[in-house]
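Given below, in the form of C-alpha cells, are the structures.
In what comes next, chain A is part of two complexes: it sits with chain B in the first one and with chain C in the second one.
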Partner chain A sequence: MSSSYYDIDAILTDAQKVPTTFELDIPALGYLDNAAGHTLKSGTRLDLPLWLSEMLAVSSTASSTTPSKSLVTLDLPPSLAPRVMNALKADPKSVDLRALAQHFYGLGERILELFEEDEVCNVLMASWRKRAAEISDHASQVGQGGRGGMASGDGVEFLRGLDEWERDLFRRCHDSGKAMRVWMGEVKKN
Partner chain B sequence: MYGDLGNKLVQQAKRTQKLEHLPPYSTEIVRAITREVRDLDKDASNILQSFNGSFDPSADPATACTLLVDHLCMRRDKRCLLAYHRTRTDKLEEMVWSGNDISDLAAQQPKNLNGNQEGGSDLVSVDGSSSSLSPEEEEYVRQYSDLLAAYKGQWTDIDLTGSLDPPRDLFIDVRVLKDAGEIQTEYGTINLTKNSQFYVRQGDVERLISQGYLQKLS
Partner chain C sequence: MALPLPPGLTPTEVAFLCEMEMVTVIPRQKLESLNLLGGPTQPLRPPHRTPLPLWLALLLKRQRRANILPPPWLLPSSLERILKQETDVKPQTFSPPPPHPYLIRSSPSHTDTISPPFLPSSTANAPSDYLPYHWLELGEILLEACSDDLQEPGRVRTLLRDLREVRMAKMRGSTKDLEGGGVSSLMGVGAMEVSEGRGFIVGVMDGLRKLGSSREAARREKEDDEGIGGAGEDDEEEDEEMGFE
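Right after this comes the complex of A and B.
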C-alpha cells in the first residue's frame, strides 16, 4: 500500500512508538524523558514515536575527525518481538494484532524499511495471507445475513483482533460482495 | 510531548472520514498546535543565534540533535495540521458536488432545523456560532461552489452533478417542504409554497429535491 503525505493512516502509523537508545549526552532534550532541564544521558532508552526516532536514527554525527556515529539506535518494537513472531508462526489466526499495535502491518512495513529482518518479513507476509483468507470468509458470511459467521464466538474474537489494514480489507470484501449481489439482482429484474 | 496534539487532531480526522456529516472545527487544538510550532521555532532560533550564524553540526552533535528534534516536531505538526484540513476540505468538496450548500451543513445540527432560511443557495443565513465550519472553510466552500458552477456552465445540455440513476418517469408528484418561491418551467410558472403538491417534470425540480425544498412522492 502506498501512502501519501496526507494519508491519515500513514500519519497514525508513524505515531507508534519504537524503543530508541540515545548514543550521546544531550543537555537540552531532558524533556523527552520527562525530566526537563536535565541532561538526556547517553544510553537512555526511550519509547519515541516513529516519526521522530526514524529520522534521528538515520542521521549521524558525521565529522572529519571522529568516525561517524548514529545519534540513536533503534530496537524492534515489542509488537514485532520474536515472541510475537513465534505466535504468528504457530497459528496466525489466534493472535490479537490490534492489541499489539493498531496499525500492526503498517508498522511492520515501516520497520522493515529500517531493519534487515528477513525472518520478520516472511512471517508477516505468511500470516497476512492466512488471515486475509479468513477475513474474506467472515466478510462474505456477514453479508449473507450473518448465518454462522458472527454467531460463533471464535469469529468475533478474531475480527476484534484485526489491525487497521485488515479492517479495511474486511470492509472492502464485505462491500464488494454486497455491490456484486445488488448488481446481479438488478440484472435479473430487467 | 510535542506532536501529541497533532495526533489528537489526526484521530479526529480519521473519525471524520467515516462520518456522514462534518464535525465542528477544532479551533482550540489547531490554535494550540500553531502555538507549539511557534515555540519550537523560537527555541531553534535562540539556539542558532548564540552561534552567530556559524554553526557547525559536526563540532557540536548534541546541539545539532536538539535542533533536529525541534525541526522534526515542527514538521510533524505541519503534517498533522495539513492532513486534518485536507480531510475536511475533501469532505466539503464532496458535499458541494453532491449539491448540499453550506446552509445545509449548519442544518445538520438538529437545533438549527428551522425553515426560515430564505433563498436557494444563500450562504450567509448561517449564524457563525452554530456552524461547524471555520470562517476560512466557509469561504473555501463559497469559492469552490463558484468554481464548480463556472465549470458546469461550459456544458448547458448536461448536468454534471445530476443523478446517475435513469429516471423511471418524466413527470413526478412532489410536495413542497419549504417555501422556495417561483420557478420557471417549460409549462409556465409554478409558485412553490409550503405544503402544496405539484405534478411536475422531474428535470425541472431535481435540484430543489436534492436541496431539500421538495419531497418526491412515489
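Right after this comes the complex of A and C.
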C-alpha cells in the first residue's frame, strides 16, 4: 500500500475517472468529447482521469486582464456519491466496493485531498474498520483444516466485493496466519 | 514490496529467539560447564535441577540425557486460571504479563531494562498464572519435544489452543471499536501473537492513517494559522536561544 512513483496501484488509482466540468471554451480539445477538431465548449461535462482533472483544476488562467478562473471544476465521483455513503453507513459489509471502483479507498484518499468532505472521511474510515474485521475473519477461515476454498456461501460474495486495499489486507492476514500454521507444522515434524 | 519478507519477525525467527529462554532441566548424566556466548552454563550433576537455555535443553532431551521441567504457568491448572481470567474476569483486556522479577526502584538500575528472553520467565521457579512473552512458542515447542515431561499434555494442548483463539479474537477486535484510530493496550501480548497479528493491525492502521491524512493536514494547518498571532514572538525567542548555544 505504499504510494511511490513506480507503484502500480498508485498509477491505477490516478487513472480512475472523475466527472469534470469545463469552465472555458478550449480550442481544438474537442476530441476529448468525440468531436475531433472542434472547440470544447465551456460547461461540457466529461469523465477524465484523476491525474488530468486534478492538474486542470488546480491550474488557473494566468491573464492580467480577467480575474483568474480555474479551467475546470471537479465533482465527486459517482462511487463516492451520497447514495453510496448512505449504503455504507447502513451496512458496510453489504456494499460491493469493487463494482463501484477498483481502487475505492485509494480514490477516496485522493478525493479527500481535493475536497473537504468530513462526512465522506468519517464514513470511509468507519467502513474500512468494519470491513477490515470481517476480512480478517475470512482470511483466518480460509485454508483452515485444509479445506482450501470458502467455507461459507455468503463469504464469496463479500470477498468478491473487496477493493484493492482490502485485497492487500486480506493477503497480509492470510499470509501471517499461514506462516504461523507452517511453523506449527514444522514443529511437529522435528 | 521490494523485500521478499514482510516487516517484522516471521514465526520461525520468533521461535528461534525463544530458544534462548532459560528452562529448568533434571539431568540424567553429568556434564561439565560449557562456555557459551551468553556465559558459562552450570555443570550438570544428576539429579540436581539446573537452568539451561531451551535449545541446549532440547538437545539433551532428544539425546535422553535430561528431562525438562515444565514452567509452572504451563500446568493445566494455571492455564485454566489464565483462560478464566481472559474470558470471564476481564474479557476486554489481555491477561497481564508476569511481574518484573527485579524490584523497580526510583533510582534507575541496569536490571530495569532487562527483557525476555533474558528474564527467567520459564524456569521451574517462574511465577504461575502469568503468560510470559514467549508463551505460545515455548508451549508448542515443549509439547512437541517433551510431552512425556508435561502433566496431561492433551489438556495443555487444548488449553493453549483456546487461549490463542481467545487472544487472537481480542487482537482482531482491538481495531474495531476505537475512535482515535489507535489500538487498545497490547500489554501482555506474546511475541508470536505480535508476529501473527502484525500484518492485520498495521494494515488497518495504515488505511486509517491514509484516509485521515488530509483531514489531519487540514487540522495542522488550522492550528498553525491560529498559532501565528501569539507564536511569532516565541519563535524569535527560540531563535535567539538557539543562537546563543
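Observations
Criterion: the second predicted complex is superposed on the first by the 178 of 190 C-alpha atoms of A that agree within 3 Å, B and C clash if a C-alpha of one lies under 4 Å from a C-alpha of the other, contacts with A are read in each partner's own complex, and residues count from 1 in each chain.
In the analysis below, contacts are C-beta pairs under 8 Å (C-beta built on N, C-alpha and C of every residue); 3 or more make two chains touch, one makes a residue touch a chain.
What you are looking at is a predicted structure, and each value in this text was computed from that prediction instead of being measured.
Within the superposed three-chain model, A:11 lies in touch with chain B and out of touch with chain C [touch as defined at top]. In the superposition on chain A, A:28 makes contact with chain B only, while chain C stays out of contact range. In the superposed model, A:49 makes contact with chain B only, not with chain C. Using the contact criterion defined above for the overlaid structures, shared-chain residue A:71 touches chain B, although it does not reach chain C. In the superposed pair of complexes, A:109 makes contact with chain C only, with no contact to chain B.
More residues of chain A lie in touch with C than with the remaining chain of the pair chain B and chain C. Of all the residues in chain B, the ones that touch chain A in their complex are 1, 3, 7, 10-11, 13-14, 17, 47, 57-59, 61-66, 68-69, 72-73, 76, 79-80, 82-83, 86-87. The touching residues of chain C, when paired with chain A in their complex, are 1, 6, 10-12, 15, 140-141, 144, 168, 172-173, 175-176, 181, 192, 195-200, 202-204, 206-208, 210-215, 218. Remark: chain A residues 1-2, 105, 108-109, 112-113, 116, 118, 121, 124-125, 128-130, 132-133, 136-137, 139-140, 165, 168-169, 172-173, 175-177, 179-180, 182-184, 186-188, 190 touch chain C in the complex.
Here chain A touches chain B in the complex through residues 5-9, 11-12, 15, 24-29, 31-32, 49, 51-52, 55-56, 59, 61-64, 71, going by the rule given at the top.
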